Amino acid sequence: MSQPEVLQQSFELGFTYTRSVGPVVGRFLTELRNRNIVGIKASDGRVVVPPMEYDPDTAEELSEFVEVGQEGEIVSFAWVKEPREAHPMDRPFAWAMIRLDGADVPMIHCVAANAESDVATGARVKAVWADETIGFITDIRCFELA
Amino acid sequence: MANLAAVVGIGQTKYTTKRDDVSIAGLVREAAVNALQDAGLTWDDIEAVIIGKAPDMFEGVIMPEIYLTDALGCNGKPMLRVHTAGSVGGSTALVAASHVQSGSFKRVLTVAFEKQSESNAMWALSNPHPFSTHLNAGAGGYFAPIIREYMRRSEAPHDVGIKVAVKDRLHGARNPLAHLQKPDITMQEVEESFMLWDPIRFLESCPSSDGACAMVIANEELAEQAPKPPAWIRGVAMRSEPTMYAGREEVSPQAGRDCAADVYQQAGITDPRRDLDCAEVYVPFSWYEPMWLENLGFAPEGEGWKLTMEGATSLDEGGDIPWNPSGGVLSSNPIGASGMIRFAEAARQVRGDAGAHQVEGAKLALGHAYGGGAQFFSMWVVGAEKP
Amino acid sequence: MTDIAIVAYQQTDAVSDAGAVNEVELIIPVLGRVFEQAGLTNSQDVDFVCSGSCDYLQGAAFAFVLGVDALGAVPPIKESHVEMDAAWALYESILKIRMGHAESALVYGFGKSSPGELPIVLSQQLDPYYLAPQWIDAISLAALQARQMLDQGLVSERDMAEVVARSRNNALNNPHAQLAGEVSVDDVLAEDTYVSPLRKADCCPVSDGASAMIIATVEKAEEWGKPYAVISGIDHRIETHNLGMRDLTDSLSTRQAAEGAGMGQGRVDVAELYAPFSHQEIILTRALGLGEETSINPSGGVLAGNMMMASGLSRVGEVFDRIVSGEAERGIAHATSGPCLQHNLVTVLEKA
Amino acid sequence: MSEEQDVITGIEAPVYLKYNFTAGAAAARFLHQIKKGVLTGQRCPSCQQVYIPPRGSCAACGCPTEEEVEVADKATIQSFTIVTIPIPNNPIQPPYIIANLVADGANISFLHLISECVNEDVHIGQRVQALWKPEEEWDYAMDNIRYFRPIDEPDVPVEMIGKLPVTGWEGSADD
């Protein structure tokens, strides 16, 4: 019994999911559409952005929204030299943990920069809005150095 | 010998086509909070969480326990995710029970869910794959030929499935959580409904629902202290067999018969129709009631349909062995949760807490789930009395 | 609590692309070998079977259903499945034995990650509203964690390269390893960065493969008369899904699991840690308080080959092999799930 | 400000992932054969049952299967359903019949379409044969068979379905 040649075929597993978001995520996305960023106060008083629905320590529902700034500081970053097809940018960029002004907990988003050497932990960045905001996380198109 | 364990809290969501007011976390959370409230407990009282759902493709969230950690108060606790196809809700309850029955945990929370409105189950189940013929027309397409073979063998009248469809919807009308509320449904309405997968009509099929179900399971000591009556777990069993093999009995799978025999033996049941007071059995297509009546030993082979037609399984007709008093899968089907709903509804019955669909004086009940190509089975028997 | 004996362990080679092999074809040879090692024929000879796999790795729903075809499940068997690494299937199986419903169990895990783009596939494990829609790949998340370690002076790039070099060299003695070789720290450091600050060598490869294990009560293991090791403890803990709220430079849940499993009650001769990135091995080593007396990842660990959904079970298997061969008397195996070590399981194994 | 607009309650989240599927060894052999217009199964070395399409193992025995066996393109209807809803991503228009068919020489059924028939007359035990696409369209796919259609042979008794030799069905003495 011979081994036949290998048969390969590419396929796409895809669906556009229709997600209901609930009041907390919904509030954040609604504010994004209006080009505002809100966080939520956790049980220990820390401001979390984007807002979590439930507190990690007490498991209680969170509800106290806090508007935060659109600028912040890079807490950590990863420099992507070769963006993948799914990535939001087609030229080198950074993923970063960004602590926005008025927030305590960093959020993760992408940072546009010309070179890795331009990005640093502690660097200030500001949100760049998409041309059209629709209430989706990518309404913040990216951050760029402030 | 397994340690004793009992259900001390049950929580469900209202089942509906689309819960458009909550996130996935919010849906799961709601059932969990309801279960904690029912048990008179808080998050701190829970030692571990066991979560189940059907394929991740239904919501497009891979291994969702990772994202649901906080919604279920799991930070710092063990969290386990079970997936055994359509039987998963039942299997998840059994894995949760094993946490307590093994003596490893005193009290755990288990949750199963599906937010089917996020996608389309037909799509997820019949997603084209290279080199395959792609003739898979969803679950109904798979089960219709098996039902046809049952009809041929049993020579059952054509309206048995119609009768089950009506009976379960009338049961569902007693259950405010049930998705379909059809108190005025008639045999004629079912018969005239669209034939989807001949011989399965639209109204002989389950709906597609969003929903979650949760239970708190505790050890003997804590169950005895529980504020509401516990449902004692009297037997647990699982069986699996391959989807296809030469000579496989698809109408009445061996795995189902073996699983039932195992769980009955543990619970001391010798005649299920006589010994059990009611059963919550996974019947997603109406004809599966007579088929499972035989498979589970409530009726001899070929005669399950007679029980259905006599009204033995109907609350409204005062039957001696009501099946699916909650309305069953035919009234609500959040796939990943459907098995756990059967297990939880069986527990509600023996706790005397089933409201308008309570089977009077129910002391011993069967919860049943199946999945895959009717190849994965999970069952438990719960009782009002401690074994 | 009932002690559990591990009686047999087998795995496939970790390969970058298993090619023309479906799930069943991947599993069958491993199951055949693990049954042979235990002196058994097929799953009819054990009381329970539990597996771990993930549909999205190869993009087909119900991948595990086909796995049942490899078991000889006629007549039907007691069987269950976790959509997790098979280390958690081991956990479930142990509960089953401890509740008295089984005396023995087959545990297996399998994954074919090569058909998809694994780091991107794993991005869909994240929060479905904030993170998954951004398609943040698993390597970039680990890089964010590594940068925090570097920035805080908790590791140096040389420390990370030392982990890689040791992995490659250790893997020379592991016939199943995908990446092995006489690699020096300077060789690693000479490599350019990949997703900075990580080099490609800091990241585990994508592997296809499967592993399987047979466990039993100690009484049953004695009856079978095969050499065995004892699982004296097992525990697992998960942490918040918000990466920004975790101290990514530590692994609190690993420490909690180790405490729960009773790791501190004796010397640890060998530790197999599921660290898909070099800096994570350092985080885990510190979280567990492992010192000089412990041989860490003698197999090369998952940097030498990461069979998703089987690697966690493989860590247990590697420690088992060393205990029954007499190389070690007591060891721990660690498994992880989720981004940046979110969910961790620790098993303590001892000489019988 | 935000109060003036509707609050967002839902989003659309496209999740599209690309995979490169490789057929398993058993499937690859089957597909190479069907490209030549031949249906090939595999026989279990233990229970002797013939599986088609083969998956590389006998699901009942859990052992690998290697021996290749050619089966006929004539088959018997084991059961079927008439589907009246469309299959997502599939051009076939309802109503159509999908049947579990057991090819002569095989012991297990596969799914395929039944056509050139009166839907109401299709029945369990009915004999059918493959209608192949033109040879120049043959590919590595079961779709090389466009559908199966009834043939003029006596019905197979239910207890005989799945037990016919590759040489086919002569019809029993009492037919």
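Per-chain numbering from 1; labels A, B, C and D assigned in written order.
As a working rule, a contact is a pair of C-beta atoms (placed from the backbone, for glycine too) under 8 Å apart; a residue touches a chain by one contact, two chains touch by 3 or more.
Model, not experiment: these values are computed from the prediction.
Which two chains touch most often is answered by the contact tally, and the pair is B-C. When every chain is reduced to the mean of its CA atoms, the largest separation from chain A belongs to D. Measuring from the averaged C-alpha position of chain A to that of chain C gives a distance of 29 Å.
Distance between chain centres (mean CA atoms), chain A to chain D: 46 Å. Centroids of chain B and chain C (each the mean of its C-alpha atoms) stand 33 Å apart. Chain A has residues 3, 6-7, 9-11, 13, 15, 17-21, 25, 29, 52, 56, 136 in contact with two or more other chains. Multi-chain contact residues of chain C, defined as those touching 2 or more other chains: 19-20, 56, 59, 68-69, 71, 73-74, 117, 120-121, 124, 128-129, 132-133, 239-240, 242.
Chain D has residues 9-11, 13, 15, 17-23, 25, 27-28, 31, 59-60, 140 in contact with two or more other chains. The touch graph of the protein chains shown is complete.
The touching residues of chain C, counted against chain D in their complex, run 17, 19-22, 24-25, 28-29, 31, 42-43, 56, 58-59, 66, 68-74, 114-117, 120-121, 124, 128-129, 132-133. Interface of chain B with chain C (complex): residues 1-3, 23-24, 55-57, 59-63, 65-70, 74-85, 91, 94-95, 98-99, 101-104, 124-125, 127, 129, 236-243, 245, 253-255, 258-259, 372-373, 375-376.
Interface of chain A with chain B (complex): residues 7, 9-11, 13, 15, 17-25, 52-59.
The touching residues of chain D, when paired with chain B in their complex, are 9-10, 13, 15, 21, 23, 27, 31, 44, 47, 49-51, 58-60, 78-85, 87-90, 92, 98-100, 107-109, 111-113, 124, 140-143, 158, 162.
Residues of chain D that touch chain C in their complex: 11, 13, 15, 17-28, 55-57, 59-64.
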